[in-house]
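The two complexes that follow have chain A in common; it is paired with chain B in the first and with chain C in the second.
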Partner chain A sequence: MRPELLVRPASLADLWKALPALPRDRRYLAGGTDLMIAAGHGHAGDCWVDISGLKELKSFRETSSSIFIGSGLTIAELAEKPAVKKWLPALALCAPHYASPSLRNMATIGGNAANGSPCADGVCALLSEKAEIVLGLKGAKRKMPLHSFFLAPKRTALKKDELILGFEVPKWRHVSAYEKLGPRSYFGISKVTVCVSAEISGGLVKEAVIACASVAPVPLLARKAAEFLYGRRLDEGTVSEAAALAESEASPITDTRSEAGYRKAMVRVLASRALSKLAA
Partner chain B sequence: MEKLSFVGKSLPRKDAEIKATGKALYSADLDFPGMLHAAAVRNPRPRIKINGVSDAAAKKIAGYRALVTYKDLRGPNKWPLVDTDYPFLPEGEARFEGETVALVVADSHRAARAAAAAVEIKYKELPFETDPLKSLEKGAVKLYGQDNVFSKFFIKKGDARKALAEAAYTVEGEFTTNYQVHAYLETQGAIAVPQPDGGLVVYTTTQCPFYVLDAVAAACGLPYNKVKIIQTVTGGGFGGKEDVPALVASHAALCALKTGRPVRLIYDRTEDFRSMSKRHPSWSRVTYGADKNGRITSCVVKYVLDAGAYSTLSPIVLWRGTVHAAGPYEIDNVLIETYAAATNKVPAGAFRGFGQPQISFAQESLIDELAAKAGRDPMDFRLHNLLDPGDITATGQELTSSCGLRELVEAVREKSGWDKWAENGFRRVEGNKARGLGVSAAYYGVGLGAKGRYLDRAGALVNIYKDASVTVNVGNTEMGQGALTVLAQIAAETLNAPYGSVRVEEVDSTKVPDSGPTVASRTTLMSGNAIIEAAKPIRDNLFKTALDMLKAKGADIAGMMEASEGVFSIADHKVTFGEVVKECWNRRLKMCEEGWYAAPRTTYDMKDGQGDAYVTYSYSADVAEVEVDLETGVLRVVKLWGAFDVGKIINPRLAEGQAQGGMLQGMSWAVYENLVYRNGIMANPNFTDYVIATTADKPEYDITFIEKDYEDGPYKAKGMGEVPLIGVAAAVANAVKAASGARVTSVPLLPEKIWKGLEERKAAGGKK
Partner chain C sequence: MKKKAAGKFQLDCSVNGARVRREIAASRTMLEFLREDLGLKGTKEGCGEGECGACLILLDGRAVNSCLMMAAQAHGREIVTIEGIKGRDGGLHPIQKTFMEEGAVQCGFCIPGIIVAAEALLRRKPDATLEDIKLELTGNLCRCTGYEKILSAVELSRDELKKKGKR
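Right, the complex of A and B next:
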């Protein structure tokens, strides 16, 4: 069901001003692709604050050392940006696997994180690229590593009324591979996703980040596997050992989308495929 | 061969424009002055004792009007269907999660939803059962009668046990299949409009307006002649709008009677999932025996359908499954026992294929295993055993006419390059992906058959106006399958009326007699024949008048009159359909007639399952090419070859569409669709987590029609709608076996199951 009240502030300043007068059970509406579903189940509050038109959340800035992605950018908008293709290969690889074309036109990268789901496609990509998340509440801003933003399924570090302003991703010379298992050819929520970003120099891994979706209560960093790769050549033995480590770090559940045992085994298969792609 | 003007041509769909441009008015688009809105109050648990229903909190919601419970019924609280165990609204007990317990009426849709959420059902939970096999065990929770069996059937031909003991090769397997959700784009809905005389007009999305009539009249205690049912443009059915629209419409009708105002009741997707009909989940154990020459000598089947909380259509779904359970083969010894078991889940009912796809998956999977044991190519093995004209089916029926199964199997063999694949054992491996090829065959009794013989009739009204436009009323519905178009072609052909001048209307229950349901691939056959029957006397008048007119124009009437494309001619002399109609009206000839067609008698005996079960059969053969990822178990159906004998094709383009749609729906059921219950609660009643195939999953199609004339069919047609779905799952499963070595015995063939099969083979050190 639609909410009782829909408000549409013209700017962030207006938003902060408007909030105190609004009903307590309020939600932010960005792309709406998760909120509308929640609304169908009657869990979407009495009041929606539409932030989809806020220019401040649509910014995209490149500095010498980082890229800032505004939380209001849609997946389709991001996929078109040359800087994303150049500096954020994991996010670029993820885009075609992200839901469907129509949803990519609506869904925002901020919403993907705010929904707090362990299966979020965009989050998994950004996690592997060492993104930080930038939050704002009235005048106050804070920043944290993206992985610490997720506390539990559907629970994030966001305080009441706090907004995701965007993501800051460091520029580092990495290559990425993105492996998603969904329920059909496209347009499906992942059963398991493994996304690896790595800086490889002289055939040796200088740094690697392995992010996994849908295999833990929160988007998961397979740290042991990533650490194991440090300083190694991505030969068959290394790939296989790292993939096994990643599997050991996953703690998936059985739900309507897949089974725990299968998911766990697939972390190894997908990690192995992703690492082999990087080696190639 | 008769020269045909309109039949056999790909004429444009009559409803294409209004549907493509969004002008079509579906139930939810209709509005009436003073209309109110209803919403259902649903049972939140698998099984409850209802201690009361209170609308105290709902009364505080602005716009709230009324609560409707079983107390508002004006007739017996028994929905008249095959059986009468399903109450219109439950009194003491509700038996599945999502069952409508009461309704609320309010000024707006929003207020109705809020009020429904505010209504309190006071209840006590009762013990429940969700497993059909456990439900059949002694000591199970009592849900229906003494044994929880809604229905059971039996076929006994020869001595199957003895033949099995003597067989050179035997195979046995247990198979399961899960639900399938119809996933029609338009959810269920109805609008009931009270009439000044106390009667009702009900507008509803339905396949079966006469089932709706039965139910509304019964619930409201009204004579049939004070209830009019009008079918609205129907956004998909697939069997899901066979029985249940009658329940939805009855609820809307009760709300309208109580408030004296038009009431609209439209389901949202979640409640449609939770409470409306589905394809039955099934369990089966099948055993086959063959002699040393590879001839099938015995078939033993036990087949159980999970019927859900009420019997609804389970008896007839089960019966169709029973009749076809041995597969399309001539087998001398057959023993089949089948059960529809009660459980505390959503009542399952009609779905394209009607109890056949489940058992076809089981028996056709096993036929491959039997062929392997006998050391035969699965295609050869089928050709060696399949039903030919003159053969006897499992029920002892001789196939006297129209049976092209052998040609179908040969067609898919050739087109798929089967024999080339045979050289590699039907398997091609590249990297960690393997492709495989699999085959299946099926037959399908057209129409309702012996179990539904009393319903197997249809009426038609054909009326030619003075301006030579033609209206045809029938009792079977358009639900997307193309009935309006195909029936218009049949009417145009019979009358020699231009196709563009013929309009077939959506069903109005006051215009034609009860024509039974629009199911069982029977509409072309039944309504088509009724139209021909109605049109014949008019045709006689038209043709006689045309001849007179041509004679008056100086034509030599010794020559043959040709009637083609709406023109009557002898040599160079011509009169048009319009001119002839005008002259008929001048002569005061009757230009409006009714027709009636009743299916020929069937001889089937329910005691031993022997006799003629259906008047005729349609046939299919499928080959599937699949690709299996050997590490993840991910399955992709690459290509489907389908060959079908459905008699004469009335409209080739629509037939192609029906074939593609049926094959895709069959593939989607086989590969993706997985409705999950947890402790009696439906866990994924939505399209986010109930996954169906999209166009991106669509395989390549190669479709062949082999038209075996059916002499009693309209222009020799049989039935089309369901056949293309039935054999797909088994062909895919057989191809998966060829590709991966894993025999998956459970639909859907999820990657999780294929992967498990691959792991088990690895553990056993098995190599293909």
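Right, the complex of A and C next:
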């Protein structure tokens, strides 16, 4: 059910001022592509606070050492930015596989995280790029590694009324590979996704981050596999051993989209494909 | 804060080039607003969940699913529906003509959404390749045509628009 009450603050200051007078069971409405569907299936709050018009959440800032992505930017807006292509290759690779073109024009990167789904495409890409998430509540701001933001399926670290302001991603010289298995090549929710970002210097892995979606209660970092890669050359043996480690770290379930055993096996296949691409 | 009495919203936006100012129910989706409040029935409801693309409209020039959008979110913005996609003479748009000539329409229910998607693509990328067209239409389902004629109609529209500078 969509609520009877919808408010549309003109600024963040306006938003914090308005909250105390609103019904307690309230939700933020950003791109709407998850919330509207939730509302079609049941109760989705007594009041929606539409943050889609807030310019403050659309900021995109580049410093010498990091990139800040406003939570209100849509996937399409991000995919078009030259700085994303240059510094966030995983996010750029993920974009064509993120829902459909029209949904990418609506869905925001903040909403992708706020929804708390273990299968979120944008989250998986940002995780591999070592993103931190920036949260705001009235005047207070806090920042945490993106992986600590996810507590359980559909549960995040967000406190009541707290808002995702954006993501801060360090600039590091990495290459990425994004491997997603869905029901079809494009526009499907992932059965399994493995996204690898790595800095390779002189043929050796200096640092690697392996993020996996849809294979654990939360978006997963395959840490053992990533650590194993440190200082190694991405030859066939290394790739296959790292892929096996990644598989051992996954704990998927069987649900409407796929089966646990298949998902687990596919982590190895996709990790091996991704690492082979980086080696090439 | 753009809010009136509880349950109401004062919407001010542009629809097909005309300014629209009205008080609407805050719970209205954009699709309901267009079809029921404005009587623009060209925009269709298929799945109601963003899977089929029958409800596509242009929001500030970008294709969006009007079934997943609240009408209030259009405040201060520009909407173009299939009714607003016209040729320069006010008649059929070249994409619409090509769809007719190619026989790319069977039951027709999905076509407004597909034409909106094609228009969004060809505005942004006048040289779109067949691969670009296929990717752009991943969010549009058609259960009649098998897509072949739709794809060739969009390719022909692209050639036609480029050749005659019909924009």
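The criterion applied here is as follows: the second predicted complex is superposed on the first by the 279 of 280 C-alpha atoms of A that agree within 3 Å, B and C clash if a C-alpha of one lies under 4 Å from a C-alpha of the other, contacts with A are read in each partner's own complex, and residues count from 1 in each chain.
In this text, contacts are C-beta pairs under 8 Å (C-beta built on N, C-alpha and C of every residue); 3 or more make two chains touch, one makes a residue touch a chain.
All figures in this text were calculated on a predicted structure; none of them were measured in a lab.
Trainee: Applying the touch criterion given at the start, work out whether A:244 contacts chain B, chain C, both or neither, answering first, second, both or neither.
Mentor: In the superposed model, A:244 contacts neither chain B nor chain C.
Trainee: Applying the document's definition of touch, where does A:256 land relative to chain B and chain C: first, second, both, or neither?
Mentor: first
Trainee: If you stack the two complexes on chain A, which partner ends up touching A:186: first (chain B), second (chain C), both, or neither?
Mentor: So A:186 meets both chain B and chain C here.
Trainee: Examine A:106 and indicate which partner it touches, taking first as chain B and second as chain C; both and neither are also allowed.
Mentor: Second partner only.
Trainee: Among the partners chain B and chain C, which is in contact with a greater number of residues of chain A?
Mentor: Looking at chain A, the partner in contact with more of its residues is C.
Trainee: Based on the superposed arrangement, let me know which partner A:38 touches: chain B (first), chain C (second), both, or neither?
Mentor: In the superposition, A:38 contacts neither chain B nor chain C.
Trainee: Looking at the overlay, what does A:29 touch: chain B (first), chain C (second), both, or neither?
Mentor: second
Trainee: Give me the intersection of chain A's contacts with chain B and its contacts with chain C, in residue numbers.
Mentor: 2, 37, 40, 186-187.
Trainee: Could you list, by residue number, the parts of chain A that touch chain C in their complex?
Mentor: Against chain C, chain A makes touches at 2-10, 14, 18, 29, 32-33, 36-37, 40, 48, 50, 52-53, 76, 96, 99-103, 105-106, 186-187.
Trainee: Mind pulling up the chain B residues that touch chain A in the complex?
Mentor: 110, 113-114, 117, 268-270, 631-634, 636, 672, 674, 676, 683-684, 686, 688-689, 691, 693-694, 696-697, 751-752, 755-756
Trainee: Residue numbers of chain C touching chain A in their complex, please.
Mentor: Interface residues on chain C, with respect to chain A: 1-3, 6-7, 9, 25-27, 29, 48-50, 53, 56, 59, 62-65, 67-70, 72-73, 75-76, 117, 120-121, 135-136, 138-139.
Trainee: Report the residues of chain A in contact with chain B in the complex, numbered from low to high.
Mentor: 1-2, 37, 40-42, 181, 183-189, 256-259, 262, 265-266, 269
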